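In the two complexes that follow, chain A is the common piece, with chain B as its partner first and chain C second.
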Partner chain A sequence: MTGRTVAKEGAAPLRAPRLNGRLTIAGAAACAFAALVLVLALTTHRFLTWQNIKAILSSASLVGIEALGLTFVTMVGGVVSLAVAEVAVVTAMAFLAMLGAGLVPALAIAMALGAAVSGIQGFAIGAWNANPVMFTISAAFLIDGVGQGLNNGQIVQPAAGGYGTLNATPLGVPVAVYVLVGLALALQFVTRRTVLGRQIMLVGENRPAARAAGLPITRVVTLAFAIAGIAFGIGGAFLGSFNAGASVLSEGTITFDAIAAVLVGGTSITGGHGSPLRTLAGSLAIAAITDVLLLRGFSTGPQVLLKGMLVVVVVVVTQARSRGRR
Partner chain B sequence: MSSPARLELRSVSKSFGAVRALSDASLTLAPKEIRGLCGHNGAGKSTLINVVTGLLSPDGGTIRIDGEQVHFGSPREAQSAGIVCVDQELSMVSSLTIAENLSLGSVDRGLFVRRATDRARSRALLERVGLGHHAPEELLGALSLGERQLVEIARALGRGARLLILDEPTATLTDFEIERVFDAVRRVAQEGCSVLFVSHRLGEVLRLCHTVTVMRDGRIAKESPATGLSADQLVEAMLGEQPERVAARAAGDHADVRLRVDRLRVGTRVREFSYDFHAGHIYGIAGQVGAGASEVLRALGGLVPEAAGRVEHDGRALSIHSPGRVKRAGLGFVTNDRKFDGLFLGRSVQENLTATRLGEVSRLGVISATAERDHARRVAEHAGVPVDRLAGAVGVLSGGNQQRTLLGRYTLDPTIRTLLVDEPTRGVDVGGRIAIHRLLAQAANDGMTVIFATSDLQELLELAMTAITMRAGRMVGAYSGELPHQALVADLTHRSGGEPEQVVA
Partner chain C sequence: MIRARRLLRGPWARTEHLLPVASFVVILVAFLVVPGLEGDPLNSGAWFNGFQGFAPLGLVALALGLTLIAGEFDVSVLGMQALGGVLAVRAGGHSGLLGVLAAVAGCGFLGLVQGGLIARLRLPSLPVTIGSYVALIGLTNVLANDQTLTYGNLNASVWVDNTLFGWFSPRSLITFAAFALAIALIGCTKLGPELKALGAERRGARVSGVPVERRITLLFVISAALAGLAGALLSYSEASATLDPGLQPLILAVAAAVLGGVSLSGGRGVVWGLLLGSVAVALLEQLFTIISLSAATTQILFGALLLVIVSVDAPDLKTSLRATGQRLAQRAKPRSETV
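== the complex of A and B ==
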């Protein structure tokens, strides 16, 4: 026989009251946290000004776009991709190099390249059940290597000036913020209303069950990663535009910031639960907290520390909740 | 009696909701006694064991160990009272040495591992179970399954077992290994330990045990010395009255062949299986755990990559190496382990019902909320899943409703022509069981071919129109019409896997 555990007769069924208990704990934690932020925000000078809110939005935009993509990797059961920044940087390079052909073609190429590079990783993880963390780490090194090799480690300069459009601020708000919100809504629709979105959730929730039910696992995982790659590509285009250049040095902490945004949003790290809108909220929450700390004059050390603590608290709470559900 | 009984249960009962898993069970076990415990799945054996080992606390009744009344709050308390259970699934680490495994989970340990004392102690324990020729430093992974079973028993002795409970210890062993385990069990009993031996294999029970207890529907149905007892008498006690059959008897002439299986093989687990399954008929494949019945279904469901053999479905060759292709060819598979590869536990009942039919409730890849709800409602009504629970999580449904949810994916699906169900009513209470049997009978009535695997003889008798028996990876017999339950029992328990024979009444 197989090594799976066999359900014993008379095993006590999962009961609703326990579930409710857990939800209450999670809910209380969320309320306490929201109250803390609110108090901090209201007592911080200049926090609730249009200027400051715009600053929060812009600082959330780049990582937020990457995190929206990463949400799909997490929801489909791929845990996290550790190649977010790498994909973003190669797409940024491609975007800048292709600007000679015009802004729209360059954007399209960045998105297609992101979809391809990430989709290939998804295929390996879907078809051969490769460990997502290990596989995306290796992919990150590989992508980095190719990215450096193609340009001899030099910074890729914009081939033409079209990228300025991405840095524009219509109505005083950067284009990236509009894209962040629009992308979140579009991906929310994909998640909630499309067949693919549902299949992503089912595969992420229980892959063996999805397999036994005959769902097309390889296709679903590949497409989830490809969607993530499109978002990485869009983010990459903005990354290249902000810096007016791209090299592996621009990777920074994008990957881990994106992971933090996904987790703080409450998307379950084990897959099957979460949404792009949650991730949007997660990135805004992190940006808001960073902003509060900045306004209160904290240095980078305490900022990072607090961000880390926030992620830990949220992960513990969401894990407790999803355990109660199982 | 001069000395008090090692274990004495008096009027012990235990209910789960409305289900009485154990009612008024009394049992007395003397020191040095080897007691066999038989009964079908759901008869109450596991509940009884769980009560004795402290996993469950009884609703009523008393438990005495060596004359002293006990109330176990946890398995650990039962263990320190000398009650040790060796489970079907071994709980050892194959990458550690024998000695390390023997000391796993021991309570009386300091901070540091004392290798020298451990080794001497291990050697003595191995000697007691007939493994004296193995050094304690050997890796557990190098031992055969039977030898690992012996190491489990040695570990139980090392914990000072006074009552050793063996739960289906021989299910996966070869005949030779079974003898070694039996020798060890006899030796352990002579040394003063009592043994409770749980097994479906009646022949083995009669050979090893001094006395036998049969359970049925949560009660003690029979208790008798093993000498002079026959397997048939045990079966009678296990079955009780002849069960009512749900499925209508097959009409004389069969419809066309729906599924043709030609020399299906799965490693050593299915040696060879060939059969022609007809439309509109219910087939039950019965076998003990490890006999291969479940593996045949999983292989046909496309879930076993190493499966080999030729399969035709409605005259077209079927590749059984992709569950998706199998599903598209018109076969639906329902697992015996809902939590592992059946349900999406965290998702709603509705999403579980429509998971395989999203194409029908969507347009251009976008799901229509109303179409999905209507579809789920229709399927739920047909399968008997409470319609007001559709929006709730499937994980909180009863076992019966969970199973109906899984079956509902396929029973109303016109593209599904063959339904493969592994243990249709595992973890389902009596009421749910009848409803599920009716659902399957109706599916067959509507023209579907239903093939189920079961290790529950009663279920085979109730549901199957044709019963196929398996042992050790081979088909032993096939019976249609009035199912001869004595012959079925003989196939499943006595006869060792020889030449398959076809008996069609």
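== the complex of A and C ==
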């Protein structure tokens, strides 16, 4: 679908917006939307309190961690993975079941399982150029079925109590928030400062060019998906700890929330652009908007409606910038 | 011999024709044979139930398949189906027909907005429809006040599931009618080749005079209206509107489309293939019910089936396997020389 030949220079793909009629309309709409949200937020009672900011941070943490992983899938040209929640839940199950061996081994197993399950999908997408959306959605269905079959559909209970550490709140902020920020910084480093990161960007930007340049496409895509899987595994461990149990019912809307965070962060769906830090910003923005609606007493319906519209608006603005790609 | 080879090269040998026929025949044989092996031969109830499953599945598969042929992907059918269900229940309290019309018109209008946006701004359809899917689920919840709506119009509920001709109901016949209409429309007009051209070579289609923007917009309107219709009829049948259908309808529709010979990369597929694919998947689902597989096993089987299909559909599979084979052969060679 991409036929882009625009050369990118430098690390940060910042482009000056081109002035054309459609862009200005889209940009104006986006600015109006942002202003509206800002005004709503600042005029909302109790929005700017430390208590509320902590609430926003902790509600952003779980989906944020998954979204950081998903960013790698998108950047390498895998569009999106629709198996985020499913991978997270099976890793949560493994994490809880392995707690008897101790917290650290259980975490390691969750991360390894996530990397393996996601990496296999990455292999099919990298080596065979399988349609990523369809492949991951099929994998999601399969994994979900396995998750239901395991433990006969019962909730997997923690084998030991070590998970409490993940629910702790040092300095009043949940551990997940520290992990979210730390992971964002680490993944940002991988993206910008390592060979693998640059390779991921090139493969995502232009696969034929990357192949012509002799990049090992299969390995790069598999590794990008495996890194994503590690993040899904970490998120899964937190998911299992929050709920003190795991079943396919805990999947909820994690997949689409994570996709929303990546898209709102401005990562281009066609690959080759984006950054974990922007995804972090995206997940914080979504959490803040949801929080405003919550404080103003809106129910689930309007919250979900606004989240979806936000994604559409951001996609229109970010994609309308690079025109003539088809 | 020569004639047989020519036959293999003819239009029937094309994947878009061969795949739906082959998958339909395989699944039909399984549907006819397997229940008998289990000691419980088929009765007309099994066919009826199979076509009841086909009713919503076929409409969504048609919606998704048409957009796939044109190289677009419409995730929002899930949301449109949910919205259609709630609109029909809200508007169809006195007249079932009015509810269906409201669902089709409401979803069609939103499809027009979405399609216009995608076509005019040349946006990739996947992220837009993911966003609109989430928004539509939100809108559905708003319209239903976050509660499952029950449908009080029993007459309409009973009517849509009436047994007709032993195997069918008005619901499944409406789906067949939608397919017949699509086959007629796309088979007898320029629309068919235009859709394929859009999916195979967008720029070429534009240059050769296909009104790209209008066709894409139209497709999204049709897709939304069909999904809305599916949701409306389903909520009548269940006498309540589901607020979140989950991913299952999309998975089954993708399976139907791909078994029906539609390529995921666009530009390949025919409507009658979609029809065969949808019936095949509906019968397969019914077969799993008859032999009382658990929900988990059914899901694993469908997931595995779809993974295989998507892998076979992958453009670089052959190249990759050949390269691996060569690499293995090269590695084996020096060893055999030293031995």
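The criterion applied here is as follows: the second predicted complex is superposed on the first by the 289 of 326 C-alpha atoms of A that agree within 3 Å, B and C clash if a C-alpha of one lies under 4 Å from a C-alpha of the other, contacts with A are read in each partner's own complex, and residues count from 1 in each chain.
As a working rule, a contact is a pair of C-beta atoms (placed from the backbone, for glycine too) under 8 Å apart; a residue touches a chain by one contact, two chains touch by 3 or more.
Source: prediction; values computed, not measured.
Participant: For A:D144, is the partner it touches chain B (first), chain C (second), both, or none of the two (neither)?
Facilitator: Second partner only.
Participant: Between chain B (first) and chain C (second), which does A:I259 come into contact with in this model arrangement: first, second, both, or neither?
Facilitator: In the superposition, A:I259 touches chain C alone.
Participant: Once the structures are superposed on A, label A:G272 by its partner contacts, choosing first (chain B), second (chain C), both or neither.
Facilitator: first
Participant: Spot which of chain B and chain C makes contact with more residues of chain A, would you?
Facilitator: On the superposition, C touches more of the residues of chain A.
Participant: Quick one: is A:G308 in contact with chain B, with chain C, with both, or with neither? Answer first, second, both or neither.
Facilitator: The answer is second: A:G308 touches chain C but not chain B.
Participant: Kindly classify A:T44 by the partners it touches after superposition: chain B alone (first), chain C alone (second), both, or neither?
Facilitator: It touches nothing on chain B or chain C.
Participant: For A:M201, using the defined touch cut-off, is the partner it touches chain B, chain C, both, or neither? Pick first, second, both or neither.
Facilitator: After superposing on A, A:M201 lies in contact with chain B but is clear of chain C.
Participant: So, does A:R193 touch the first partner chain B, the second partner chain C, both, or neither?
Facilitator: A:R193 sits against chain B, while chain C stays out of touch.
Participant: Is A:G214 in contact with chain B, with chain C, with both, or with neither (first, second, both, neither)?
Facilitator: Only chain B is touched by A:G214; chain C is not.
Participant: Overlap the chain B and chain C contact sets on chain A and report the shared residues.
Facilitator: Residues common to the chain A contacts of chain C and of chain B are 1, 325-326, listed in rising order.
Participant: In their complex, what parts of chain A are in touch with chain B?
Facilitator: 1, 3-16, 19, 193-196, 198-199, 201-202, 205-206, 208-217, 272-273, 322, 325-326
Participant: Which bits of chain C are touching chain A when the two form their complex?
Facilitator: For chain C paired with chain A, touching residues are 71, 73, 117, 120-124, 126-128, 130-146, 202-203, 247, 250-251, 254, 258, 264-265, 294-304, 306-307, 310-311, 313-317, 320.
Participant: State the interface residues of chain B toward chain A in the complex, per the touch definition above.
Facilitator: 14, 16-17, 19, 21, 41-42, 44-47, 50, 56, 88-89, 171-172, 269, 289-290, 294, 301-303, 323-328, 333, 335-347, 351, 355-356, 358-359, 362, 365-367, 369, 393, 395-396, 398-399, 409, 426-427
Participant: Using the touch rule from the top, collect the residues of chain A that touch chain C in their complex.
Facilitator: Counting only chain A, the residues touching chain C are 1, 22, 26, 79-80, 82, 124, 127-131, 133-135, 137-146, 148-149, 153, 218, 256, 259-260, 263, 269-270, 299-312, 315-316, 319-320, 323-326.
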